[in-house]
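What follows is a set of notes on a single structure, which appears directly below.
The first chain written gets the first letter, and so on, giving A, B, C and D; residue counts start at 1 in each chain.
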Amino acid sequence: MTLCHGPKEACGVFGVFGHDDAAKLTYFGLYALQHRGQESAGIVTSTGRSVDEHKGMGLVHEVFNESVLNGLHGRLAVGHVRYSTTGLSVAKNVQPFVVSHAGKTLAIGHNGNLTNARRLRRDLERKGSIFQTTMDSEIIVHLLARNLAGGIEEALVKAVTQIEGAYSCVLMTQDRLVAFRDPNGFRPLCLGMLDGAYVVASETCALDLVDAQYLRDVAPGEILMIGEGGLKSINPFPEHKPTLCIFEYIYFARPDSNIFGHNVYAIRKRLGMKLAREYPLEADFAMPFPDSGNYAAIGFCHESGIPLEMGVIRNHYVGRTFIEPVQSMRDFGVKIKLNPVREILNQKRVVIVEDSIIRGTTSKMRIKTLREAGAKEVHMVVSCPPHRYPCFYGIDFPTKGELIACQHSVEEVRNFIGLDSLCYLSLPGMLEATGIQQDGFCLACFDGKYPIQPGEDISKACLEY
Amino acid sequence: MTLCHGPKEACGVFGVFGHDDAAKLTYFGLYALQHRGQESAGIVTSTGRSVDEHKGMGLVHEVFNESVLNGLHGRLAVGHVRYSTTGLSVAKNVQPFVVSHAGKTLAIGHNGNLTNARRLRRDLERKGSIFQTTMDSEIIVHLLARNLAGGIEEALVKAVTQIEGAYSCVLMTQDRLVAFRDPNGFRPLCLGMLDGAYVVASETCALDLVDAQYLRDVAPGEILMIGEGGLKSINPFPEHKPTLCIFEYIYFARPDSNIFGHNVYAIRKRLGMKLAREYPLEADFAMPFPDSGNYAAIGFCHESGIPLEMGVIRNHYVGRTFIEPVQSMRDFGVKIKLNPVREILNQKRVVIVEDSIIRGTTSKMRIKTLREAGAKEVHMVVSCPPHRYPCFYGIDFPTKGELIACQHSVEEVRNFIGLDSLCYLSLPGMLEATGIQQDGFCLACFDGKYPIQPGEDISKACLEY
Amino acid sequence: MTLCHGPKEACGVFGVFGHDDAAKLTYFGLYALQHRGQESAGIVTSTGRSVDEHKGMGLVHEVFNESVLNGLHGRLAVGHVRYSTTGLSVAKNVQPFVVSHAGKTLAIGHNGNLTNARRLRRDLERKGSIFQTTMDSEIIVHLLARNLAGGIEEALVKAVTQIEGAYSCVLMTQDRLVAFRDPNGFRPLCLGMLDGAYVVASETCALDLVDAQYLRDVAPGEILMIGEGGLKSINPFPEHKPTLCIFEYIYFARPDSNIFGHNVYAIRKRLGMKLAREYPLEADFAMPFPDSGNYAAIGFCHESGIPLEMGVIRNHYVGRTFIEPVQSMRDFGVKIKLNPVREILNQKRVVIVEDSIIRGTTSKMRIKTLREAGAKEVHMVVSCPPHRYPCFYGIDFPTKGELIACQHSVEEVRNFIGLDSLCYLSLPGMLEATGIQQDGFCLACFDGKYPIQPGEDISKACLEY
Amino acid sequence: MTLCHGPKEACGVFGVFGHDDAAKLTYFGLYALQHRGQESAGIVTSTGRSVDEHKGMGLVHEVFNESVLNGLHGRLAVGHVRYSTTGLSVAKNVQPFVVSHAGKTLAIGHNGNLTNARRLRRDLERKGSIFQTTMDSEIIVHLLARNLAGGIEEALVKAVTQIEGAYSCVLMTQDRLVAFRDPNGFRPLCLGMLDGAYVVASETCALDLVDAQYLRDVAPGEILMIGEGGLKSINPFPEHKPTLCIFEYIYFARPDSNIFGHNVYAIRKRLGMKLAREYPLEADFAMPFPDSGNYAAIGFCHESGIPLEMGVIRNHYVGRTFIEPVQSMRDFGVKIKLNPVREILNQKRVVIVEDSIIRGTTSKMRIKTLREAGAKEVHMVVSCPPHRYPCFYGIDFPTKGELIACQHSVEEVRNFIGLDSLCYLSLPGMLEATGIQQDGFCLACFDGKYPIQPGEDISKACLEY
């Protein structure tokens, strides 16, 4: 285990206060957020007197069933989905993290990554704290436990002023739901209302599914206490310019969500249109690899006039079990998921619209199968600039050594993947396409300007080649 | 149980003769054919001396794992996926159907539906045959068992001349693979080669995944015996005009397959282009409901010049467990799978490109959510004529009473679904778009002209209102 | 698979006619008969209109739970437990064997072994019958199916006059319970009454558990039809001297059962008393290996005046999973189940009272651990004569080559096992101890006089050395 | 949850230092100790660098299999079995309790019960410690964690001088095995050797199974550190008279174990002999209810000359699933496990030899079935005095209100159970029968003289009526 891997999962969180169907709403909310984490799922509920929880490895619909949900009582709930990134995908690391402490129960779900986790944990252990997991969220709970004498609000303020990095969290006490977000606002977190109940979610698509009405985003740096008396907002931080994660727009969030106040689909389409303007190409058709690049491809085709085709067909039944192919099956790893259509590709000049290139290895294999299916020319346009730097704020990019664009020129990348041409969207072009104020984003994965310096151990481990 | 439901599943079959990895190739072949049957899967193999089998309810990747596959020995294999259509989805009905008879083992996988099954079964039972299942394939095996004295070839000829209806089958004896197809050729069946081994599959997409080379289709009426001595073809039927199922092209087969010698994607796209020519519309954009109608939509947009958008986003993680939604969640059943994107739909004139309308109820719910998301006008174009008659040849359409177009005019259907306009592709337009000789199709579900009259019990039960 | 193994399981059967709790009573009845078969269990019930069944591998309490039992409807039930004897312990061989034939359902549970099974099966297959299993009970059902035109009674008479060997069966039609027993009456079968309902069971201990009152045994050769009109008894055989299995008394039946009209415990105790009279010994104490020999040991101690001790302690938690011991653990296979008590054994002269010696290998290992625990002398007395011949009537003795007493003198057996002395009860002593008319038993395993000659294949395979 | 229930389970512990098969030996050791805890089982191993663990609900052979054991690496292991006593039988309470703290791993298995647990836990929580479980063993670990600066030995001494009550523990650090036992020595703990490796176990029967040689008991108050350098013994307590639990001899330990240096079987037999001397009775036979009272019964019969019989037969296949019997089955709860043998009991004067009477309800039901089976007189002799006081040192007796002898005279108990006569062994008779120095036992459950006063909360809750 290296520090730069373990803690860097992406996740989705959801919370409900004041609804008879709190557990079920959370179930459906997590269902809508499943793209943010497929490894594990958990829900914790409270009746005010007792707490129920259920967590497990797997997809939301695998972890829960009707009878399990019926056993999660109370009008208050928090839920979490977690993304599988490392060997540490163990059962005890499933969130929400729950503790019973001095007769009270706390449950926390965390999306993001603390950059000073290692130091905080070491200090706490020296003072005799015993940790149950390797999760950042447990650190937050230990900080709370040592400051509960003055009440939960005071403990929260003390905790958030000690932690650094990215965190969009839902916290459940036995009678309150708390949503809090780091002052940079790296990850999204929004507030909605349903039948008089408050709902908190990573993305608006979760509000849509449960028919909740979007009220507003939880602001960067805000601690939002939700209880019987309604909302109470605390912001213990000095004024601070947010640095939202632009990659949520490009790749991570669901296209039907509104993130940071803007629609993801619309931005992806504009990224594709911008690409078409920056790189005029001659081709027979353009295509995405489903389902990455779909929306940028639509924008690219609209703007360029190049027809859209689906040159590869996705098998919708691909499971997670891996069975070793037989020797004679070439390009198996690609084709089990995406089968090229020879009748469409044969003798054609093709443009692939892609949302990002990380290691380049998957693209290389896919391009090979297109050529074997007869494609005459294969060009690729990418709807963001080259990824050159790792993320320390909750997205699991590989180390610098594994990011192909980190050590290789665009021409070298083109050659490695086996393309006739390769065009990345320019950084100004990307910012302009978002249509949002341009200095409010974290662009560190593109330009290496980190809004928060990571702890020494992290940076050393991850910046190595 | 009514006769018109039970036996009418669609299925996929696969077989291998002469390959060391016969079981694994069959696994991957079934993986590629998963769209033809998601209820159950099974593989049977033979070493010539011993036979192994594994079958189970669920998707191919749920039923099998590496260790199970390693336990399926031999260079000869047949496999089957089955579609869930009725309450009779019980474990004993999982195919391939296997029997040990007089010291020998037979295994059969069947895609299609016998139209004289009831009569054949009654006759056999009167003679003392005991049936283990309710499957048509068992009837074929009992007919074989009563004629084995003269060898398997003679028994097959006697069996196929007694059965009527649709059958594309793979049969495994301990040392031979047999593929046989009814003289009408309702369902597809093709032959390929891989590393010197023969492969039989329902669709070419299964050959593609295992890197087998397509040789030819198994001909309508052909019994193809594959053994150590190579291929032997028998066709015991008098000359006969085939009546291929046109709905395989419109809906059922995978777009990357070639069926009856033609590419499915290309035909679906031409169906969409033909639609655009038959029904000029004014609209802001056209869209499919993913993933039905995708390829017709591409053709429709190419031809009409109307831009393509994805007005609804598909949740890729929808499982099969059903959890009752909470009261306040409107349109839940639709939105759990497809979430409309308000920013794309709002105030827009939308054309839905659909591949078929069966009951109309799903379309009705989906259109409602589009309107709630702000769509100003919603038009629908359908890439085939109205479905007015049930299928007796292996596709599980509902009875006439449930086919909305059977009892209602197009205007009534439009009104029921809640559309601004509704256009079906004309029957001549559909035939022309296929680009294939036009009198070789079964069009019974559109025009009621059944190439083979079903047995009395079937027709009575299914033609009732 | 050799013929002499596969079909020779011992089993228990149970049936109920006319009770609202038919399934549950059968469950408890099988629970009481668990010692007759630990491999699998099954129950089939009928409401007169519909039939429910549940079967599985494992112990009765593992196969069934409350909810499964609640799903077995009807006032008519048959159940079966089966003993694991061979590699053919596969799921499809779990009884009761159920078929749906020409719209009617038959279920049969069989205890015993047909001696002409191979020939009957071959004849039926030649006529086109397809077998689903390798069980004798399926042969009976095929014979019934071919004679149902004249009704079930006529079909039964025709069937039982064709089959030979040992059978104590329960048969369920949709509205009748039939109990039938071979004319030799090898295996027990008794009739009881509970709340006005009829109950049939292999042993009376099953009647005891459900609080049913014992009425009488089903007679050798009797076909007992139980329906709404009450009992009807048919005996299609000419007068015939029964040959009851004496080994049921010695070893197989439960001590609290009455078998063939006499109590098992009392007979076992008398066998032990007879032993003490036949072989006066000097010893410090006598002991059984729990729980075989317990009751003979009590009788032996009563009669001889030698004190009883429990020189080995049984671990009651021994499961069926086998985990390879580590190198250094000597005598592991014995001690995991029975731990010798050094404080009791050390420097003592011990008499082991045993109910039988089959292969001798288990005894050999056990005696070794007694000596290691300090026993000074170890004598063994056995409550029956030497086993020299295989059983063809439903008890799974090994072939002659494996029966140690078949090829070795008593002195050789004593030496092999490592005893100071070894005494078998004499055959006349055994018969006298039963206190029952002495010419009514099958003694074939002791004297080789088979009441029914087995088919050639059986005898050849099993009588080989 | 009441304090007097939760923490009072009986348990078994096992540990190995320095053997290649540490995990497997621990598995077999727990197997032999299964009678001390059937609820859950766990094993933790260490290679010195890494730690593996596996724990689960169920019997030892249900929780572990060969492949799980192969995944538990290292030459150092501790294991634990736990007894199901309360609703708190939850997975997280399965021992050994394991923590990773400041880069090191500790695992502890505890047999006993701390009498000042509540106060210690409250103090630790006030200082910010977060507890994961409700187990006493976690308290010990938190006490260790706060004192690790000075090394594990110092931390252990500090911890054991803070805790009070009964504890026989195995503790694993990454490179040492520690066994420690409270100064009263309530529960047994012994040391053995196998192939040069050290083995620690609750009872000697576990040493026997793995063929380890018994060395000595871990002394009351001793901390035994076992590492590469051999044994190191620390005893931080002032001289202290031990108070061993006499009920281990009477009921709890396995008869083939030597406990506190003496054989359990021999003592039980002497208890029975003493009973015969204290209470001369006239009877036809004496019997135990298997398997409680077996050894006292042997002694009783030896001494009194009354013959031994097994008047009830135990069903060896009784599972843990409970299925509601049908209305008409009287005495079901008793008979499912023990069936009375009418032929033995009818018209007889019977003496039951029992090891203890706790609530009296089970005895009452059993006596009833004996009388229904025809017993003319039923007497009971009990091999210890009446239980009048709860245990606070690790055996789960009920509260005083539930102990029948607490509030009722012997005559009232006799009448409640339905006996002709009832005799308890006298306290002096019991002590004399042990043959051990008579002031070294805890007799609190008989005489209420508690060697350690329990914390206030415990005593209040448990001493109530």
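By our rule, contacts are C-beta pairs under 8 Å (C-beta built on N, C-alpha and C of every residue); 3 or more make two chains touch, one makes a residue touch a chain.
Remember, predicted model here, so these are calculated numbers, not experimental data.
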For this session: Taking C-D as the reference interface, identify its repeat among A-B, B-C or A-D, namely the pair sharing over half of the contact pairs by residue number.
Result: A-B
For this session: Select, from B-C and A-B, the pair of chains that is joined by more C-beta pairs in contact.
Result: A-B
For this session: Determine the centre-to-centre distance between chain A and chain C, using the mean Cα coordinates as centres, and give it in whole Å.
Result: 63
Problem set entry | Length of the line joining the C-alpha centres of chain B and chain C, rounded to whole Å | 51
Problem set entry | Gap in Å, rounded to a whole number, between the CA centres of chain B and chain A | 37
For this session: Provide the list of chain C residues touching at least two other chains, using ranges where the numbers run on.
Result: none
Seminar exercise, completed: Which chains touch? The pairs are A-B, A-D, B-C, C-D
Exercise. In the complex formed with chain A, which residues of chain B make contact?
Worked result: 21, 24-25, 27-28, 31-32, 34-35, 38, 59-62, 64-66, 69, 194-195, 205, 208-211, 254-256, 258, 263, 265-266, 291, 294-295, 298, 301-302, 307-310, 312-313, 315-321, 323-330, 332, 335-336, 339-341, 343-344
For this session: Could you please specify the touching residues of chain D with respect to chain A in the complex?
Result: 99-102, 122, 125-132, 141-142, 145-146
